[in-house]
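These notes open a run of structures that come right after.
Next come two complexes built around subunit A: one with subunit B, the other with subunit C.
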Partner chain A sequence: MNVIQITIFGVLLGGVYALMATGLTMLYGVMRVINLAHAAFMIVGAYIAFVLYRDLGIDPLLSMLVTGPALFVVGVLVYQLLFRPLADNPRFTEMTVLLSFGLALAVEGILGSIFSNIYHSTDPSYATGTIDIGSVFIPTGQLYGFIASLVLLAGLWAFLYYTKPGYAIRATMQDRAAAQIVGVNVDRISALAFGIGVGLAGAAGSLLSYLFTFFPGSHLLWIGLLLSLIVVGGLGSLKGAFVGAVGLSVIAAFATDELGPEWSYLTFYVLLFVILLVRPQGLFGKAETI
Partner chain B sequence: MADAAPAEPVGGPAVSRRRFPLSARGGFLLVVVLGLLAVPLLYPVLVPYAYVLQLLTGAFMWVAFSSSWNIIGGYTGYVSLGHNVFVVVGAYFSAALFVYADISPFITAAGAGVVCAALGVVVGLITLRTRGDAFIIATIALMLIAQIGFDNWMWLGGSSGIALPPLHMSEAALVKVPFYYAMLIVAAGAVYLSYRIRHSRFGLGLRAIAQDEVKAEAAGINTRAYKVVAFALSGVFIGVGGALWGYSLFYLRPEIFLALAVAADMVLMAIIGGRGTVAGPVIGALLIVGFNEWSVSEFGSSELNLTITGVLLVAALLFFPGGIIGSLRERGRLPRILDWD
Partner chain C sequence: MAVLELEDVRAGYGSGPDILNGITLGVDEGETTCVIGPNGAGKSTMLKTIAGLLRVRSGEIRFDGKRIDGLRADQVLGEGVCFVPTDRSLFGDMTVRENLAMAGYSLGSREVLHERIDEVLEMFPILAERSSQRARTLSGGQQQMAALARAWILRPRMLLVDEPSMGLAPQVSDQVFGVIRDFREAGMTVLLVEQNARKGLECAQWGCVLDLGTKRFDGPADSILANPEIHELYLGRQADGNGGARP
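Entry: the complex of A and B
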């Protein structure tokens, strides 16, 4: 396949990966939470989109308006019930990892008992369509997913840069203690950030429902991939998540072309280890200071 | 520190304890070990023989796994969510030698432990450059790399698996016996290793790292070397146990060992029992093995089992972060027999 074509595939999927990874890295930035249930919530979003599509005929792109807000509420509840009680724990990040790991297992088990472990996906008409431009073509499903992701990310960007709660979130990401000193209610900001992060995962689930097949256990593959992206970009860096997502996705697209699809995921993990070797803080991460 | 207290009066507690050849705890352990050694001898009376042996063999395996996980995840405070990589590497190492070189896994299992330790050093040198957070992520990535690797490694059967020549005995039920004794040795070895680490300068260093890595480093501990060695040691008995587990199945598929539940159970057992204690992972393993046995026979569904595992993990972290041993000790109710720290 020619280089332009492969790059198109990589960039389009990369935009969707960026949407998926942004919520995850934002939670780390705001409150040092590594939410291993992030991908499980994505799969929940995908199943909601699947049911809406199958029973009511609602288009997956449209169902983002349902999955996003629904998972926002779930995110706020999860924060209030599970993560807030841990806030004073001296080993907070590690506790959140284990807690969200347990949560992911529970979600997988529940999805498994409702939907059984077979592959699902939605099949709107555009999912398999293409737009031909000369010698290359653009798959419409991935194009729409890319556009929807960019719209959501632009909305998030506007929210973070032009609203007061957005300022507060960014301030908390920069320095939690200092934000608290200047009057930011970090508890409420954390709840809001949790809602947004999980809500973005839910919305991404709608896109996932027609771009990929999924089953309850597939959250593990996704969380591995997303974590690789945000480590490469730098934990807690929104810019890093975007650059990491698009960059790795393009590299993986070339790897798929060279080595076949079964090895393409390997590129993400290999790059993760390479980054840990040469620049442990990631491309845009802050180096640890003692 | 014994040498820091030269003024201790003669005949104090340290000396009087030595007057008896065995402490209550030592006697208790001796009885347990002798009892476990005797179980397979009850062949004609014990019914159902194969089931009991299999259940106990599984319990030994999980004792070894969670005690080993505890070395890095408990003492050192570095949570690994990909420790089942050592299981799959151990299982396939011995399986490959059996299929292609005809050497019994009972012999090569020790080699599997060495291979896993070496793997631990290599992976540890890369991933333990980071402090904490990225390490956890790297362990998940490691599990997924192993998944891709073993699923596509056709020489070892790929995702469809590899069959081993089965073991034959005069009576079918007796096939369980060698696995029983071998796994008992693995469990004893893992617990002994954990105990020795807990009571060594090395273990003290690990616990210092868990408490405050920066201060530990300032106190002159080579934290990186300590962490890498701890990670490697935690792989040894998981590799040996994995080799035996793989053989006992006679048919290996990567997804048996690389299931998320395998990684999760080790962590859950150590946390429920009490992270960073010697007895905690043992108690936790016995409890969870018993509980899983009961819930599978009662409800049967593995999906539900996964949910229960997750909920238990969440509940333990929120309400008993110290696990059974930690909570009992906090209340001053920990029996001496279980206090191996």
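Entry: the complex of A and C
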């Protein structure tokens, strides 16, 4: 396959990965939570999109308007009920790893009992279409997914840079104590950030529903991939998540072409090792200072 | 009249021991009170506790007669108590101007904010010069100025400052103490924690010696400076007057 074609595949999918990874890295930035249930919420989003598509014929791209807000509410509730009570604990970050992993398994169990453990996906007409431009072609499903991801990420960016709560989220990501000192109610901002993070995962689930097949346990594959993206980009860095997602996705596309699809997942982890050897804080992460 | 009152306050970090072992202290309105004491005496912990960043384990803190212990940091700020910590707590990735604008988070009015940002940029020409630089690129002294400028924008009734001269060259720290005097002259009450006891006390009216989490002594700042016993115990190493005793 030619280079342009492979790059197109990598970039389009990378944009969707960026959407998936952004919520995860933002949550880490705002409150040092590594939410291992992030991908499980994506799968919840995918199942909601699946049901809406199957029963009501709602297009997956359109159902992002449902899955996003629905998972936003779930995110706020999960924060208030499960994470907030731990917020004062000095071992908060460590505890949330276990807590969110347990949450992921609980979500997986619930989905399994409702939908059983077989593969699902939605099949809107554009999912398998292509646009031919000379010798290369653009898969329409991935193109729409890429555009939808960029629109959402641009919306998030505008929110973070031009609104008061957005400023507060950015301030909290940079320095939680300093944000409190200038009057930010970091507790409320944390709930908001949790809602947005999980909401983005839900919206990404709609895209996942037609770009990939999924079953309740597939969140385990996804969370590994997403963690490698955000660690490469630098934990807590939104820019890093985007660059990491698109960059790694393009490289993985080339690896798939050269070596076969079974090497695709491995590419992410090999790159993770290499980049951490050279730059332990990730591409855009801040080095720990004393 | 004491505007800030601490009564038998105990506090500490996480599940660790009490760092503040029952502090009782009053800070008079419109005055600058300087707290001195050796490392580990609990000076910074006391400020963090007043500011709402640390929970009070027992005892009471009152500001203007109203209990503020148990309030969150943003609520304490809402009562008019503004904290400038040792690390200056600027947002390193934001520009100087954005940092100043963050004061607007609790100020409410946009017009007042912009008016006051212009005012502090006039007060601190160096910040005006650097206003579009990221805060992390500023020198220590400039960062301290920016942190104090941000506090100035808020016009708090009370300013808590933790070791403003930390890591600064003597000339720069003189400038910083000058700004702290400006706060008092503008009618604000200041509670200052300072390792450089002499300079701190010179800019204060009242002084307080803290050791092992309790108040050992308090009195007029000049009498503390003149007290031979306190001199021996807490000021001795800086008796040359240059404040160069920090390791």
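In this section, the second predicted complex is superposed on the first by the 290 of 290 C-alpha atoms of A that agree within 3 Å, B and C clash if a C-alpha of one lies under 4 Å from a C-alpha of the other, contacts with A are read in each partner's own complex, and residues count from 1 in each chain.
One rule holds for everything that comes next: contacts are C-beta pairs under 8 Å (C-beta built on N, C-alpha and C of every residue); 3 or more make two chains touch, one makes a residue touch a chain.
Please read all numbers here as calculations on a predicted model, not as lab measurements.
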item	value
Clash or fit (per the criteria above) of subunit B with subunit C on subunit A	fit
Contacts of A:113 with subunit B and subunit C, given as first, second, both or neither	first
Partner chain(s) touched by A:26 [first = subunit B, second = subunit C, both, neither]	neither
Touching partner for A:180 - first (subunit B), second (subunit C), both, neither	second
Contacts of A:171 with subunit B and subunit C, given as first, second, both or neither	second
Touched partner set for A:263, first subunit B, second subunit C, both or neither	first
Touching partner for A:52 - first (subunit B), second (subunit C), both, neither	neither
Residue contacts on subunit A - larger count, subunit B or subunit C	B
Smallest distance from any CA atom of subunit C to any CA atom of subunit B, in Å, after fitting	12
Footprint overlap on subunit A, comparing subunit B with subunit C	none
Subunit C residues touching subunit A - in the complex, by the definition given at the top	13-15, 51-53, 55, 72-74, 77-78, 82-85, 89-94, 102-103, 105-106, 150
Contact footprint of subunit B on subunit A as seen in their complex	28, 32, 34, 36, 82, 85-86, 89, 91, 93-95, 97-99, 101-110, 112-113, 117, 216-217, 220-221, 223-224, 227-228, 231, 235, 262-263, 265-266, 268-270, 272-273, 276-277, 280, 288, 290
Residues of subunit B touching subunit A in the complex	77, 79, 81, 126-127, 129-134, 136-138, 140-145, 148-149, 151-152, 214, 260-261, 264, 267-268, 271, 301, 303-314, 317-318, 321
Contact footprint of subunit C on subunit A as seen in their complex	88, 90, 164, 167-168, 170-171, 174-175, 177-178, 180-187
